[in-house]
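I'd like to ask some things about the structure below.
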Amino acid sequence: MKTYVNEIKENENVDSLFLVKEKFSGITKTGNTYLKLKLGDRTGEMEGRIWTSAEVFSESFEKDDFVHVKGKMTSFQEHLQLNVSHIERVGEEAILLSDFFPMTEKDIEGMFQSLIETSQQVKNPHLCQLLQLFWEDEAFVKRFKMVPASKWVHHAFLGGLLEHTLSLSQLVLKNANHYVGLNLDLLLTASILHDLGKVDELLYTRSFNYSDEGQLLGHIILGIERVEDKIRQLIDFPRDLSTLLKHLLISHHGQYIWGSPKKPMTLEAVMLHYLDDMDAKITGIQQFLRTQVSEGSKWSAYHRAFEQFFYASTAVDLPEIPEKSDKNGLKEE
Amino acid sequence: MKTYVNEIKENENVDSLFLVKEKFSGITKTGNTYLKLKLGDRTGEMEGRIWTSAEVFSESFEKDDFVHVKGKMTSFQEHLQLNVSHIERVGEEAILLSDFFPMTEKDIEGMFQSLIETSQQVKNPHLCQLLQLFWEDEAFVKRFKMVPASKWVHHAFLGGLLEHTLSLSQLVLKNANHYVGLNLDLLLTASILHDLGKVDELLYTRSFNYSDEGQLLGHIILGIERVEDKIRQLIDFPRDLSTLLKHLLISHHGQYIWGSPKKPMTLEAVMLHYLDDMDAKITGIQQFLRTQVSEGSKWSAYHRAFEQFFYASTAVDLPEIPEKSDKNGLKEE
Amino acid sequence: MKTYVNEIKENENVDSLFLVKEKFSGITKTGNTYLKLKLGDRTGEMEGRIWTSAEVFSESFEKDDFVHVKGKMTSFQEHLQLNVSHIERVGEEAILLSDFFPMTEKDIEGMFQSLIETSQQVKNPHLCQLLQLFWEDEAFVKRFKMVPASKWVHHAFLGGLLEHTLSLSQLVLKNANHYVGLNLDLLLTASILHDLGKVDELLYTRSFNYSDEGQLLGHIILGIERVEDKIRQLIDFPRDLSTLLKHLLISHHGQYIWGSPKKPMTLEAVMLHYLDDMDAKITGIQQFLRTQVSEGSKWSAYHRAFEQFFYASTAVDLPEIPEKSDKNGLKEE
Amino acid sequence: MKTYVNEIKENENVDSLFLVKEKFSGITKTGNTYLKLKLGDRTGEMEGRIWTSAEVFSESFEKDDFVHVKGKMTSFQEHLQLNVSHIERVGEEAILLSDFFPMTEKDIEGMFQSLIETSQQVKNPHLCQLLQLFWEDEAFVKRFKMVPASKWVHHAFLGGLLEHTLSLSQLVLKNANHYVGLNLDLLLTASILHDLGKVDELLYTRSFNYSDEGQLLGHIILGIERVEDKIRQLIDFPRDLSTLLKHLLISHHGQYIWGSPKKPMTLEAVMLHYLDDMDAKITGIQQFLRTQVSEGSKWSAYHRAFEQFFYASTAVDLPEIPEKSDKNGLKEE
Amino acid sequence: MKTYVNEIKENENVDSLFLVKEKFSGITKTGNTYLKLKLGDRTGEMEGRIWTSAEVFSESFEKDDFVHVKGKMTSFQEHLQLNVSHIERVGEEAILLSDFFPMTEKDIEGMFQSLIETSQQVKNPHLCQLLQLFWEDEAFVKRFKMVPASKWVHHAFLGGLLEHTLSLSQLVLKNANHYVGLNLDLLLTASILHDLGKVDELLYTRSFNYSDEGQLLGHIILGIERVEDKIRQLIDFPRDLSTLLKHLLISHHGQYIWGSPKKPMTLEAVMLHYLDDMDAKITGIQQFLRTQVSEGSKWSAYHRAFEQFFYASTAVDLPEIPEKSDKNGLKEE
Amino acid sequence: MKTYVNEIKENENVDSLFLVKEKFSGITKTGNTYLKLKLGDRTGEMEGRIWTSAEVFSESFEKDDFVHVKGKMTSFQEHLQLNVSHIERVGEEAILLSDFFPMTEKDIEGMFQSLIETSQQVKNPHLCQLLQLFWEDEAFVKRFKMVPASKWVHHAFLGGLLEHTLSLSQLVLKNANHYVGLNLDLLLTASILHDLGKVDELLYTRSFNYSDEGQLLGHIILGIERVEDKIRQLIDFPRDLSTLLKHLLISHHGQYIWGSPKKPMTLEAVMLHYLDDMDAKITGIQQFLRTQVSEGSKWSAYHRAFEQFFYASTAVDLPEIPEKSDKNGLKEE
């Protein structure tokens, strides 16, 4: 069973799995080689030292490997340090990603099931088939369930893309029929596919970061390529429909300045942009408020991306009306 | 019964009510005074001339008066011109505003009833009382039901503010519970009151235009004053609640550059801004598409406020899947 | 042989090909149907009228058709008007596009040959094969040779894309080796392919305009799809190389605000952006100066896209040094 | 011979020249005055202490002086510290600036000779004479050869202005004849003179910094004054030519926001701006990539002025085509 | 005596001076040459025709000449047209510029005298001498008294620069001593010289327009050159003082985006910018209100440069307090 | 009498009042509770420790309390630390705010008296009564005299709002009559009331910070509410006058982007904005120069709000003219 970094106390023996975040070798005053490590998991990081057989151990693992570590937590000059007696590399299959990175608090399989069901509300057979092709693509689905929705702004946790996608598709269901003349099939399909390029844009098995092609091309281009790849496998997918769908995907950021090469030009594209942006902002702020509000304060820290503070006082607990007021609340003048 | 400008044909006799949009006096070659008028209603404008007793008639009405006109439509140098034989000023109570200005296609009383019902979902007694005070203010309610939501961008018709307000409150009901921790009472109340300053900002009984105080102060300031005026009449309205509510009202434009003196700082304020903006944009674009798309074109004219074109092809009629495709739609390769 | 609109004089008989730019039917005072046409070619537009057999002729052609017209130029109320006695639709193959739209002054086949030769300087076999696939795609090449580079800003004439592409590839050859460490193969290939999506973005056989998918997706997305389509046909095209190439294509506008979803992140992408922008600006200004400078003025009209005036005085003719100056030109003080 | 800071090891004796970067005096626990110094050269900085005769030595040198130092490198609480036994001020003529500041890797005299030769391609006699006056101005030439092109953005090393100027003039030679109608003489002269005001704007003999007049007036104004000063010495320099030349100099930043009081209005000014900007960006990025890419990373640090990351992987080494592909590289489908 | 365009009535004989604003020659139906003119003065423009001896007259004057015209005002198709019987060119010395262009309503010599007196408050001898040199430069003073301060934004009339300069120097006198530590001499001198480059930037003897060097260099650069030219004539003008003064001149627009190559960096430069901008805005708005407010309206037309409307109702006439209020004005509650 | 933090030396006994800026409790190695404090006043902060009876003392005061402290200054590991032997909470009435926060150097009562006198120059009886109501509101006046004008940008000291308000009203008196047609009464009243919402926006009795309603609503909204509250108490205050006055208050920031919901639309509003901005900038820069210029430097630190450096060299001491110049200062050429 996993022992978490933030649980280990001085003098405890440790026998668990960690991620090697840094690895340097040094020479002791007596001329021996030692290894200086930073070991981490979801809960934090700790210093580690290998004083014995350092050269042998050093060849068996690298930075960014997951490792099985045995050792004892010691205190050196007021800092805790894990004295490592044994270390060996383990494969990715041996670990649980959720031990190492923040993860959605919701059930991934449950969310995925809900998304499949939502996608089944799409009536247009071409769009149905397109979605179906994605659900049958196992490699895609595996990554789609785990990838975060962003590096740190919103849904920055394992399962984040799935959570955001499900949320957006549900918002679409709630809002599309509020207006006459919007095409629900197009909106639903686009809401499900809008960020799928993040499957290629983001890396999440060592840290949350951009892949090279994510950085150089971005999830809009990468997503269009995945969609185009599936459409090519379908018979007679109408070119007009493909163009309209892709337009929603490439315009969902809403403005050139936010990386969309086209502004929304159809009513569906306009709605998708607003709901996507609202979902990202609200959940992003909620995540920020959970971590960036000091004890006892009603105000968050300064949010550098939004260039403002947020008011954290829970509006839910609005003050009750006092008993002394008369029944209609009017002042007696 | 009203005879509309766009129905009057050459040689027809006219006996109906119109609005005087322009009024100039001139001198004929024979030295007589004549009046040159522009008369209008909801459907357009027409030229009018008073050749007889012009000086007498001239004293009895002014530009921007509603008038009862008798005359005959004549043709002069290929243009139609109403030869006016009798004209007299009528009071505002004699006309139907909807004969003269575009009007919501929905039922005003029905919408108002729905809004009242929506407002009754507010549980917090202070907010209930506040809303109640507005509904009991007859002068306010009368204007609130008729004023357009803007001069031309969105909901630019009689009843527009009511239609937009009802729409926004319904969007709030659909979206507020999508997230945990948003205060529905605050959101509902703010959605109902968010644009109420437009009651003072806009004039609509002669043309849709800004009042002087609308131009100089704007509906955010004017709305805050109306809200403050009601709150002052209530016993023990909590200062915190008042501050939170006003924050939603003043920040609902979302950005300084759009005239909000504060950016949204609470989750409720963020949601209100997005839903308000989405409703204004979508209905504004719908209105634009209805009038600014040439026959046979799939594209609107250039929208100067949004600096773009819109695609008008009704996405609703997506192409059907052809019969010849096999059951799963995959190409046979 | 083509008779051009700007050559036709009053009372001349006309027998030539034109493009129908507008077509309306009307009723004469005597109750007969007539047709009101606007007929055009590269040199201008003229009014046309069909007074006889209008209903019969009307069924045989539509707006935007090319037509063979016989008639006589007449004068009506100081305006010239073509009195059409015969009109019939002709196919696109019967006309020369250059009779109807502005065309490059350079030789299209010669430019294309130069571009092929330039592309042969690419050494990397993958990139060679990719370019080769495009050159073998006859439908593509046919459009690539004719499409303008833009609707009106720069190279807005038939053959414009080819002319701009050749110019850019030559600029790349001149500048790439000025710095150490830039990859010429990548730069050359990207310069040749950078705007190829314009083949799909722009229509040029009736007027210079955007296609629906051009408007909704834009040439960057459309170009990426064409490139991806070719790469898919190649064995083992390296993913890294594909990513780097696509990065140059999508970032060549240089800024989000100019429609690039990524900013240039490699040295090659930075250079491509500058040279492309310089070529577009300089040739765009040259085109503007040719048409937008009043007789006798040294200044152009106001350029609305660049928000400035340009100085048109030909700097080439700098003043000669006067004979009276001494040999080193210094003042004698 | 110079001993460099980054070469000195514990317990070594030092006898070399350094620049005094900081100088503070303190009191030891025993009540004696000591001096705390920061001494530097091109390779870094080190701490220094004078424990003996501190008051006497203190009077003989100041911060920003070059000094001859004798002493021994010691270790105190894990930090190295030079124990200074002797120190005395030396004049600027005693040192080599390149020992103290980064310097171009190219040969200054060689570059200057190339620039002279380039300037000799100018045919217009007025412009020739103008350039000649600059080359004959020894005080100017001395600074022109050494001054960096900027404080830190690009060419931020001794000889940087010369290197950038030569590079730009060569780019002009390569690109000017690509278009018809650009005046090479004007372009060449402006490229050579465009940044000459930096001779007055930047200080480089103590640190790279702005002079007071550099900060208050900037190199565009200072450059114009130097050019005007030379033109005044010439007979009959045409006013038109002077205006056109100055226009290129003041508009070369391209936009108001980048400090140009006029935007480029002639074709020559447009080209000069693009080539200057391209040269500054590409060499600036190259310099950034050399220092701001972590070991093993393909990505640079975040560039704050350009607000982005750069991709550092050398594109030169594109992947070779694998042997197994068939001769035309097409997939066998 | 001048007969003004807006005073001439049908059938009147005209014998006065005008400016030729347009001049075209045509051929009458009978094959004779005639001239079509547009003649103007300060009060407007009128059409003119020369039917007789047109070819002879045509050689004696050109567009932009002042001419002595004899003729008779006739009416043709409801438009007035001057039938010219005689026309001949007159020199500039024969006319009063104020007959042809709007002119300050203040006394030019009186304003100039006030400015001289204001300049005599400068105590610093270097600055005194500098100002003195300008006042002794007759060619400069002649233009300085007449040139408008801008083409149309503010003080766009003859004498406008002088009026604005005097106004600014008086504002400086009123505000400089409001704060401790601002140098009045520097502020006064800079206020007097801040826009002097407009003497070269603007043409005003045919229409208000930019000179070529005005357009290409702008009044900031042109002004610096005039100041530098004078300073060069003075002995020992301190370099520091010159730098500080020029800094005020080049930074007085306040922002890069408004064409200043440096932002104000001294307290004097900050104040000069604010007062200059305030004077230009207030007088510009006053001028706009005088011409751009419709009869009976309280609102100006839309001001395109400032992107807003202005409220024209004269605030001076604030409502008087009614008699019925009690002495302290409090409501009796 | 107050002992100030920056005066206390090692080994001194302390018996004075301080503000508790931080308060944490810890456990000594021997298992006893101790308190770790940060104590401050206007002159700085110091560390404090309570080793004895810590738990008892801890209950008697909190962070942000003013306390009476007895103890002795000791040195621990080169840092000074106050060893507290006694501590107890005191009420706000026991302290002088000016002992704890920076305060205007001017006399508060004197400034207030000047402001009253200035306000008496207002002739319009409605505006007089309005001002009078504010002066009679003791709670308002008390805060108005003490509140700073901002948290840190300008007038960030006790009495700052009063000082800024008085300064602005005096600037109005100096500048209003410089132009014809500005209403002095309106300008004076608005200058006095323009920032009064800061009385509610800022907290200053523990640190300079925003109140919750200050952050959520801002001083423009809060000020309008206070003005409206007073106007409501007056008989027959004209609605037009109220609208004009409020327009000046809400537009005084000048631009949307600076938080004004309306841009200045009257001449008075334009002037008020310029003078207010000038006063804030100049006094803000003066305050910045006093603290942010290094010894011996002529340049300030980088000002992050204004994004520039300021030149600090006192321009007052301009160089004197040297004796050797001849009487008119001209060079002898």
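Order of writing sets the chain letters: A, B, C, D, E and F. Residues in each chain are counted from 1.
Following the convention adopted for this analysis, contacts are C-beta pairs under 8 Å (C-beta built on N, C-alpha and C of every residue); 3 or more make two chains touch, one makes a residue touch a chain.
Computed from a prediction, not measured in an experiment: that's the story for all the values here.
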Every chain in contact with both chain B and chain E is listed here as C, F
Equivalent interface to E-F (more than half of contact pairs same by residue no.) among C-D, B-E or A-D is C-D
The chain whose C-alpha centroid lies farthest from that of chain B is chain D
Residue numbers at the chain C-chain D contact, same meaning over half shared and different meaning under half, come out as same
Looking at Cα centroids only, farthest away from chain A lies chain E
Distance between the CA centroids of chain A and chain B (whole Å) is 43
Per the C-alpha means, the centres of chain B and chain D lie apart by a whole-Å value of 62
Distance between the CA centroids of chain A and chain E (whole Å) is 62
Where chain E touches two or more other chains simultaneously, the residues are 212, 215-216, 240, 244, 247, 265, 309, 311
Touching pairs of chains in this structure are A-B, A-C, A-D, A-F, B-C, B-E, B-F, C-D, C-E, D-E, D-F, E-F
As the complex stands, chain F meets chain A at residues 212, 215-216
In the complex, chain A touches chain C at residues 212-213, 215-218, 220-221, 224-225, 228, 239-240, 243-244, 246-247, 250, 256-262, 265
Interface with chain E, chain F side, in the complex: residues 124-126, 129, 132, 167, 170-171, 174-175, 178-179, 181-183, 185-186, 233-236, 238, 240-241, 244, 247, 263, 265-268, 270-271, 274-275, 277-278, 281-283, 285-286, 306, 308-311, 314-316, 318-319, 321-322, 324-326, 328-332
Chain D residues touching chain A in their complex are 298-299, 309, 311, 313
